[in-house]
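Please go over the structures that come below.
There are two complexes below, and they share chain A, which is joined by chain B in the first and by chain C in the second.
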Partner chain A sequence: MRPKYMRSPLIPEMATQEVQLNETLAHLKTESETLKSKLEEERAKLHDVELHQVAEKVEGLGQFVMKTRRTLKGHGNKVLCMDWCKDKRRIVSSSQDGKVIVWDAFTTNKEHAVTMPCTWVMACAYAPSGCAVACGGLDNKCSVYPLSLDKNENLAAKKKSVAMHTNYLSACSFTNSDMQILTSSGDGTCALWDVESGQLLQSFHGHAADVLCLDLAPSETGNTFVSGGCDKKANVWDMRSGQCIQSFETHESDINSVRYYPSGDAFASGSDDATCRLYDLRADREVAIYSKESIIFGVSSVDFSLSGRLLFGGYNDYTINVWDVLKGTRVSILFGHENRVSTLRVSPDGTAFCTGSWDHTLRVRAICSLI
Partner chain B sequence: MSNNNASNNLIIAQRAVKQLRLEASTRRIKVSQAAAELRNFCLQNASKDPLLMGVPSSDNPFRPPKSCSLF
Partner chain C sequence: MTINTLAKGGSVFIILIVAMQDPDMGMKMRNQRLLITVIPMVKGVEFLLWFLTEALHVVLRPDETPYPIYLAKKNIRKQGERWNMKGYSLLHKRINHTWDFVVMQAREQLRASKQRRKADRIVLECQEQAYWLINRPPRGKNIYNLDPRCTTALNVYDSLLCVHLCFRPFCLQIETSKRALGRNRVKSSICLESFTKYSEQYQNHDPIMQGCLPSNPWISDDTAHWTMNSEMVPVPTRLRVERWSFSFMELLNDVMGRKEFMTYLEKEFSAENLCFWQACEDIRHGESSKIIEKVEEVYKNFLAPGAARWVNIDSKTMDKTLEGIKHPHRFVMDDAQMHIYFLMKKDSYPRYLKSELYKNMLAKAIVPQETKKSVFPFMRRQRHASPSPAQAASQTPPEGGRAKGAGQAGTNSAVQQN
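Moving on, here comes the complex of A and B:
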């Protein structure tokens, strides 16, 4: 006689219930498949032209020469993340060595340095006021450090723990003010937090795996943000309701970076599948792929120039590829880093862009001349 | 125990269907229209894009730092 726990349910009702649940499940799965096909059909109906066709008559871009204008040295290990201050000259960066540094990019001076209690500080962000920075990583938290004018003051003393996730913090961003922070995590969720109280204001569930990146829509476009994850999906969320309002799944691997187009009507993504893609929110579909057969390494981060015409991508093969967003062609390839480019941001006034790398440095580049 | 798994799967499946229904109801415009608007935005803002147009060295905060020559 088999042990009691190994016998099938003796109670007939339980057996019937199980069968009923399985039938409903099968029914739901069918409906799921039908809805997915219908979604694809609807999207395809409106796919009447390619972006580059619409841009055929647009004048091509000349050759670009962008030179490294500043090299920021000081981190003891891989640079994982960076962000610009709204003043267009200060930069915050975070590293595997557990340090978060605030730089004056004009002079290359280090203005502040904080040692985090964990290594792999994967995320950092500057507050809109310029008076604080947020960071986190393997500690599963996002902490805010007010920046003191007194260089001798120990910043760690004023540290405020804001977000708590159940896995690593992958990205963080202040919203329009210093009062709220949006985070994404290896625990598969994004969350909105009140900085002062540390209270969770809204959580965003829908990704099936680690969320690696997020970007807030430009303020004029309203309260939405986009996130990308290891489930190859890019999701657009309503910040107030917590609802996922649009979802895109065309990448073939993890999405490491997402960034809104300056008008807010589209966003770009960079992935381990070595491509960058552009998704238009009103057409509700992918409208361009930026790729080349010769590019086989993953994209770690992407950002647009001010007009949205150029898309900069930092790659794991140590290079930066610059794409003509409208025509879909590559206009420039930039060298200089001696290891993976892990993070890339264009400055707030669009005059320069900064990259951080596993080679421990950050480089600020600006245009040199147009040939 | 198997009933719990089945009800969990059920909840997940119900959520997925609900989400898909929401996404199916999104209003969409034609790519031709969306693409034209992306293109127009680029063109309208091109002249203000420093990384696209370049800026005179005197205006560029990241111009090369002035170097001293030693004779």
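Moving on, here comes the complex of A and C:
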């Protein structure tokens, strides 16, 4: 004999409550969609000219030859991330085998090597002072290693755990000083941390899926950054308040890389949909798409040349495409890597750019001649 | 759920996992990309909601061990908390006719459990307690009248959960969209024009576009370019000095430019503006632990009435800042700093560019000769190492954690590396 009360629905009030909650959810959904389409309308109103039209009067670029000038060999597995030091010649790179190496790229010497306790170190960054590096990945943490020149000193011993996320760390970057780090993670959030205390200073919520990349704005006020995620959105955030100031959703797939235009008025993004796009922050819209029918593989990383005229994109089909930012055309295609290009950064003074690849190497390229 | 089921331990969870994946009553399963693989995933929030609503009558359908028996057992052992007792006595009133049966069952179960080992008994008790905490029969049309607090708490918790976690992404999106709608937008033609201007202005400075003098270090293996452009040189290059005129930020970002500007301001007796700005930058980007003392310093030197280097800020900003100083935080100086920054940008900076000081600098600046490409391109020059920034910093203690570049003046003592 089973008592009658055991078979009834849990709480009748709860059932109606459930219905109410579902209704509210649907209502919120429609409101969100309506606002989004209204926003698109407003943005379109002020769009009176295309970038390539404006760029018609600009002189075209000739062909130029870029050669690999340094090949850095030493990683035992896929290179996942790299960053330049402010001294324009040193590089930190991280790879899938858990190693983080600091190179003097000019002489190709390895200066420091750290073995992380986890594999897949997906993010690394050089501190502005050149005295430390930050890295992290599947350990869900971002750790800062002060660089010591004492050969006998074990770098790993001085490690400082700064950031803690609930999923993998996808990107990290120091802000203007060694004291603060900005991180993005697979748990869908970005966060700003104080290095000294490991305290969370601000967190940024708004992405609906993993956040894959971020970049700090080179603006006068130095208070904003952009992030791109698997929800196809690129969000611009105010570091101080934690609010999302602007949001752009025109990509058709995950955004793997975002980088600001040197003036800080725009940013470029590279995505798995094989396109790079340029978004203007004052016009509040996408202003250019860099794509070709023949390019079908996703972009893993993008960066601008110093003047912002060229956009370099590292692709999953092992090549690097160089785009004319203003005219929207491809200027050059570079080969050399034997596996997909996973990371690409132009050096701080713009003299060269470095690419890291799944073929275990890093290559530094510079222009050999301008025809 | 019988004691036997509970005794099996893990089976509760197995039932839960299976029910979760049920196509009708189960949860919405998603796929999460994990770099190279795809794994099934459920959101924690949704799991909790599902558990509170569906799971309790799908999975944990209590069949043989009703709640009253549990309460009876507790009463017999005198373990019941106060609020449970209230429910328990109400219960007693309601089901008087089956009371004997309940008590009998309770006694029986207690006797059976006594025969178990102590460890097992404790585990079972915990499991049972946990089970009933979740599966407490609700009030309403039931014959129970449990303590209103626990069911209300459950309802409130449930709705709070929904509101704050399930609805949150949409709420955030709506907020962002509303804010974005209120933005001022600039016409495309104006924005895009600025790109062409910027590219044109910087074209000569872009080594990839225009090459660099005397030569690109990566190509010629000659670090002369870097040596000539290092942080502090006696005579800067022309391109570098030209760049200071592009924007105020360019001037301030260059260490040498900043020093020159300071010299100029000193002549104009307005150097305290730049000093104040630098001190504020230090607060914003320095160590958290030193914020309070730094704010004190700034107040003493720049803001206090009669201060040695008093800065001229409008009264509204001054009041706001002074208020904020009472509870100092990283961004307390932001408004004042912004005010002084724009003051310098609009006033001192244009005058500096027209000044003799700048013009002399520009005239003195060197234009390096382009090194001729070597006749034998196969002979590689020796690549010298440079002192690591880490080493340079350990010799001179870094100040307040601000970015310090490495001193890279010509490395004569360099170790030869091949």
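By definition in this document, the second predicted complex is superposed on the first by the 339 of 371 C-alpha atoms of A that agree within 3 Å, B and C clash if a C-alpha of one lies under 4 Å from a C-alpha of the other, contacts with A are read in each partner's own complex, and residues count from 1 in each chain.
Keep this in mind: a contact is a pair of C-beta atoms (placed from the backbone, for glycine too) under 8 Å apart; a residue touches a chain by one contact, two chains touch by 3 or more.
The structure presented is a predicted model; accordingly, all values stated were derived computationally and were not measured.
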Practice task
Have a look at chain B and chain C on chain A after the superposition and call it: clash or fit.
Solution key: clash
Practice task
Considering only touches as defined above, state whether A:K160 meets chain B (first), chain C (second), both or neither.
Solution key: neither
Handout entry: First, second, both or neither for A:R330, with chain B first and chain C second
Key = neither
Problem - Contact breadth on chain A, by residue count: chain C or chain B - result: C
Practice task
Would you check which partner chain A:R240 touches, where first means chain B only, second means chain C only, and both and neither mean what they say?
Solution key: second
Exercise for the section: Pick one for A:R282: touches chain B only (first), chain C only (second), both, or neither. Expected result: both
Practice task
Determine, under the contact definition given at the top, whether A:C131 touches first (chain B), second (chain C), both, or neither.
Solution key: second
Exercise for the section: May I ask you to decide whether A:V58 touches chain B, chain C, both, or neither, giving the answer as first, second, both or neither? Expected result: both
Practice task
Would you mind listing the overlap between the chain B footprint and the chain C footprint on chain A?
Solution key: 14, 17-18, 21, 24-25, 28-29, 31-32, 35-36, 38-39, 42-43, 46-51, 54-55, 58, 61, 69-70, 88-89, 106, 206, 243-247, 261-263, 265-266, 280, 282-285, 287, 305-310, 325-326, 346, 349-353, 364, 366-368, 370
Exercise for the section: Going by the contact rule at the top, pick out the chain A residues touching chain C in the complex. Expected result: 2-3, 5-6, 8-14, 17-18, 21, 24-25, 28-29, 31-32, 35-36, 38-39, 42-43, 46-51, 54-55, 57-58, 61, 69-70, 85-90, 104, 106-107, 109, 111, 120, 128-131, 146-149, 175-180, 194, 196-197, 199, 201, 205-206, 208, 210, 218, 220-221, 230, 240, 243-247, 254, 261-263, 265-266, 280, 282-285, 287, 305-310, 325-326, 346, 349-353, 364, 366-368, 370
Fill in the blank from the handout: chain A contacts chain B in the complex at 14, 17-18, 21-22, 24-25, 28-29, 31-32, 35-36, 38-39, 42-43, 46-51, 53-55, 58, 61, 66, 69-70, 88-89, 105-106, 206, 243-247, 261-263, 265-266, 280, 282-285, 287, 305-310, 325-326, 346, 349-353, 364, 366-370
Fill in the blank from the handout: Counting only contacts in the complex, chain B reaches chain A at residues 2-3, 6-7, 9-10, 13-14, 16-17, 19-24, 26, 28-39, 41-46, 48-55, 60-64
Practice task
Could you please specify the touching residues of chain C with respect to chain A in the complex?
Solution key: 33, 35, 53, 56-57, 61-63, 66, 137-144, 151, 155, 158-159, 162, 166-174, 176-181, 183, 185-196, 198-203, 205-212, 216-219, 223, 225-226, 229, 248-249, 281, 284-289, 330-331, 334, 338, 341, 383-386, 388-394, 398, 401-406, 408, 417
